[in-house]
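Structures are listed in the sections that come next.
Below, chain A partners chain B and then partners chain C, in two separate complexes.
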Partner chain A sequence: MRLKKLNSKDLIGLLEVLFAEYNLIAPFKVEQGRLNRVLYRFIRQDTEIPAIYLKELPETTPKNFILPRDERLDFNGLEQADRSDETRTRLFFGVRSCDLAAIELFDDVFLDEDYLDPFYESRRKSNIFIGYSNQILPPNNFQKELGIDYFDHQLAPAFLYEDLEARGRDHYYLKIKAGFEFPGAVENYLEELKTGENDQLEALLSDWEAKFAQESEFEIKSKLPFSEKIAFNQVDWQEPTASCLGCGVCTYYCPTCFCFDFFWDRSTKNRAWDSCMFSVFTEHASGHNPREEQHQRWRQRLLHKFSYHPQNYGGKPGCVGCGRCIYKCPVNLDIRKVIKAVDNSLIEGGAGQ
Partner chain B sequence: MKRDDYIPAEAEIIEIIQETGSNLNIKTFHLKLTGDKPIFDFKPGQFLMLTVHGVGEAPFGLASSPSNRDKIVISVKETGRVTAALHELTVGDKVGLRGPYGNSFPVEEHKSNEMIFISGGIGLAPLRSAIDYVLDQDNRKDYGRVQMLQAFRSPEDMLYDYDQPRWEDADNTEIKYTIDKPCEDWDHCVGFPHNLIKDEIECLTEGAKYYVCGPPIMIKSVINELLELGIKPKDIITTLEMRMSCGLGKCGKCNIGHRYVCKDGPVFSYQELLDMPDEF
Partner chain C sequence: MSNSYKEITEDLQEMIKLIYEEEDFDQLLAYSRGMYSGLIEPLIISRDSEIDFKRIEFTDKAYQMLSKYLLKNRELKQAVVAKPCDTRAIAFYVSENIIDRDNLIIIGINGCPGIEGNTACDECDTKNPVIADYYVGEPLPEEEFAKDKTDLKYLLSKDKQATRKTHYTKEFMRCTQCYACRDACPVCYCDHCFVESNQPVWLEEGSGPEEDMVFHLMRTMHMPGRCVNCGACEMACPEGIEMRSLTSHLYHQARKYFDYRPGLSPDQRSLFSDYNEEDPEPGFLQQEGD
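And now, the complex of A and B:
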């Protein structure tokens, strides 16, 4: 493991050398009408680098690039191994650990041993990620309760920590994992940087962790996966989900929602995200619908993440606790409230273990 | 690891059979893969994804026995966008096919048993793959008596009139037909299938397997009646349908609990359904 200490200027310099080597994707603050949103986008020229915005959790995640909202299933393009836009590795910069855990979950689904999705594979194979954290716990975040570390993830060979209170000094730490090497030009640049003290970083991260623990009181007592039968039948799903409008915004901002649909544009087959919160998601052509009511769709969304997915994928939850669905919900329907209702029913029924 | 790129192979419609009158409009399509390897290997009970180019894709149960490998048979009721477009096509038109997908009827495991097939309407289509397999000359001796109870709305809605004489004449095979309401010139049963099982089928509680397919409400009521008669859940086999996009357990639409109808089904025993949430 190598640890570097950087100031703002050093970081811009590092991003400039990374930009020369990679297709760089990073979060930016953009104005859309009256909204200020933080979104990932490609960097087209190095003059954009100083505008990269890391402080807040971005609204979007690398999902938008790996399983795009809609994509043309270009069968011929897949056969051409060297597509010009795929030749350079994509570097996602500033990714939170919860969003990295979401990519890992996608890999489980789309690169699994039964069927491999070649479109996913082609978008996934040349990517690297540099993780990011600071001392602000993103709003509504409950990733720790799902076993996801705040400050590290195996998909990121390097992680950047920003001490916002030490701004103006060398307030960044860059941790590069043992055995990982960047291309030569980047390594040369890293050589020039100061070495960080691991003890100092460890102390900083443990302060942050303690602060986060105070701020996030949410607790899931039952073990995952939630018992399918009991959670499905014995929980009151209507009461905690009654305010849901069925707009689906939770699933569109969710970094782990991967359900999709095909649609045709003349002879071209396309894929687009779909949402279990919509009634047509399961409606048969005959009109029969196994999930006619909105609370049944909520049950599906919640149990897919906390029962079905962990049952199918080695116990791993289908949610990473990023909190976006809570922040984005137009009626403030908090998934933690619904999880709690299920959790309490399971504990009361003795099915929590 | 199997790669599947969701790309359909090209198939040609080689025959279209109008099965029913205008009120339900079911057609049977015989298809053949074009290209160098026109062989489509499948097991009874599996399904395929059929693309009508420019319109969409939908799952259809294979309706023929795999012993007949030179054509692919599906029966399609005009219901939604894809089926309506498919009904407009004519012999020689091309469609897209992918598959086969899903598990299959446990016909191998059920050798030496009596076989009972209970169908409602187009639910007979997927059962036809198992019926023809069991009644196939090479396999017939491996199974005991075959009984069928086929339910249709009206005589006009009956399927496979070209198969029925062959099935009726098969060794040790009995077929009962029923329609919803009495009508003239009908000398078979009348009424819903669950009300007729007790009188029309000789239900053994040992050594017999019950294959049931039809609309969800029919499946549920028939299963209830079989259980009343003492049939064990493991001896009742059904095949389910769900809206689905991929057929590979990824698109997230066809799950019942943690199991996917496309991948873990479409064939389930009632014993398995008992362990799954009631959401189909």
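And now, the complex of A and C:
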């Protein structure tokens, strides 16, 4: 492992050399309507680099690039090796560990050798990620309860830590994992940078971790996967989900929701994101709908994430606790409230362990 | 002066406690703070469940339209905390005969101090409830708010057609077709919405600028004579799309030409069934900027 210490100027310099080597994608703050938002986008010119905005959790995630909202399923195009927009490796810069865990989850699903998704694979194969964290716990984040480390993830060969309180000094740490090497020009640039003290970083991260622990009071007592048998029938699904409007915003901004629908545009097959929160998601041609009520759709969404997904993927939850569904929800319906209702029922029913 | 959020909250807590003692009902709709998130959310609670009246709150973040939830359980007797715009939606429901007035206990908020970030509150013309059984807060004198506020930059009506088209094309490009605007809208309550219709198909699947435009314009066309100008659509939009300028424009046009505002009273006739020969025929797509 190598540890570098950087100031703002060093970081911009580093991004400039990265920009020369990779298709760089990073978060930016933009004003849209009444919202001030942080969104990922491609960087087209190196003059845009200083405007990269890392401090807050972006609303979008790499999902938008790896499993886009809609895409043409071009079976012929798959065989042509050079897809013009993806000739270079894409570098996602400033990705939070929860969002990296979400990509790992996608890989489990779409790169499963029995059900390999070639379209996902083609968008996924040449990406690398540089992780990011600072001392602000993103609002409504509960990733720790789902076993996701705040400050590291195996998908990121390098991780950047920003000490916001030490701004103006060398307030960035860049950790590069053992065995990983950037292209030559980037390595040359890294050579020039100061070396960081690992003890200092460790102390900083444990401070942050302690602070985060104080800020998040949410706790899941039951083990995953949640027992479907008990949860399906014995939980009062209606009460905690009564305010749901069924708009599906939670699933569209969720980094782990991957359900999609096929449709034809003349002779080409397409797919687009779909959402289990929509009333027509399970509607049959006959008009029968096995999930007629919104609380039944909520039951599906929650149990998919906390029962079915962990059942199929070695106990890993289908949720990374990023908190986006909570603050993007037009009525602020909190998934933690629903998890808690299930958790309590399981504990009472004796299936918590 | 509008009432303070604190006063309204305290009044509400006491009033609802009283209603629990004196009234018979099945379900309460109010606002409270999320247990973990601290964000204001609708509190929808059965009469039989335990309730802590101190949890009930009203703040500048209480933007959700509780009136919309009434429609989910029309068969129940429901007590509802209603902002003045909610009461207009409720009056509209009663006038359209889609909910039974006797099934409602309306707790109206007098002198509504408005919602943060909701542009509709800037042009609000109803700051006292139009229909209610109980009231909290002091009413505001009507002359303070009942003006016709059509002179708003926000509405773009003075801009040229080409400018407007560019503006809306750009705005709607962000649309993710979640239809949260429709879902949050208190007066969007068709059993079968055109967006989900497949016979005929109004909207193709997938995203595209045409689809985005078709959705927003069709929604707009369904709104004159219904939209109570509450701003719920925009508050719900996860992409911050300024779509309210369209519906609000039609709202003000209907007021200007036909002196019509929906949901002012439960026995009001609808804009389109209220035709008389004297009505002006301005052509409502015509705007000053053209």
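Basically, the second predicted complex is superposed on the first by the 353 of 353 C-alpha atoms of A that agree within 3 Å, B and C clash if a C-alpha of one lies under 4 Å from a C-alpha of the other, contacts with A are read in each partner's own complex, and residues count from 1 in each chain.
Just so it is clear, contacts are C-beta pairs under 8 Å (C-beta built on N, C-alpha and C of every residue); 3 or more make two chains touch, one makes a residue touch a chain.
Because the structure is predicted, anything quoted here is derived from the model rather than measured.
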**Message:** After the alignment on chain A, I want to confirm one thing: do chain B and chain C clash, or do they fit together?
**Reply:** fit
**Request:** Once the structures are superposed on A, label A:E181 by its partner contacts, choosing first (chain B), second (chain C), both or neither.
**Result:** neither
**Item:** Touched partner set for A:E348, first chain B, second chain C, both or neither
**Value:** neither
**Item:** Which of chain B and chain C A:E192 touches, first, second, both or neither
**Value:** neither
**Message:** Per the contact definition in the header, classify A:Q32: touching chain B only (first), chain C only (second), both, or neither.
**Reply:** second
**Message:** Per the contact definition in the header, classify A:E219: touching chain B only (first), chain C only (second), both, or neither.
**Reply:** neither
**Prompt:** Can A:D261 be said to touch chain B (first), chain C (second), both, or neither?
**Reply:** both
**Request:** Identify the partner contact of A:D207: answer first if only chain B is touched, second if only chain C is, both if each is, neither if none is.
**Result:** neither
**Fill in**
In degrees, rounded to a multiple of 10, the angle chain B-chain A-chain C between CA centres equals 80
**Asked** Looking at the superposed set of three chains, what is the minimum CA distance between chain B and chain C in Å?
**Response** 8
**Item:** chain C-contacting residues of chain A that also contact chain B
**Value:** 261, 263
**Request:** Within their complex, state which residues of chain B touch chain A.
**Result:** 1-7, 51, 53-58, 79-83, 215-216, 241-243, 245-246, 248-253, 255-258, 263, 275, 277, 279-280
**Asked** What part of chain C is in contact with chain A in the complex they form?
**Response** 34-37, 39-42, 44-46, 49, 64, 68-69, 72, 117, 119, 171, 174, 176, 178-180, 183-184, 196, 204-207, 234-242
**Fill in**
Listed in rising order, chain A residues that touch chain C in their complex are 32-35, 37, 69-70, 139-140, 217-218, 239, 242-243, 245-249, 252-253, 261, 263, 265, 270, 272, 275, 279-280, 326-328, 330-334, 336-337, 340
**Fill in**
So, in the complex, the side of chain A touching chain B is made of residues 73, 75, 78, 109-110, 113-119, 225, 228-229, 232-233, 258-264, 266-267, 269, 271, 274, 276, 281-286, 288, 290-291, 296, 300, 303-304, 307-309, 311-312
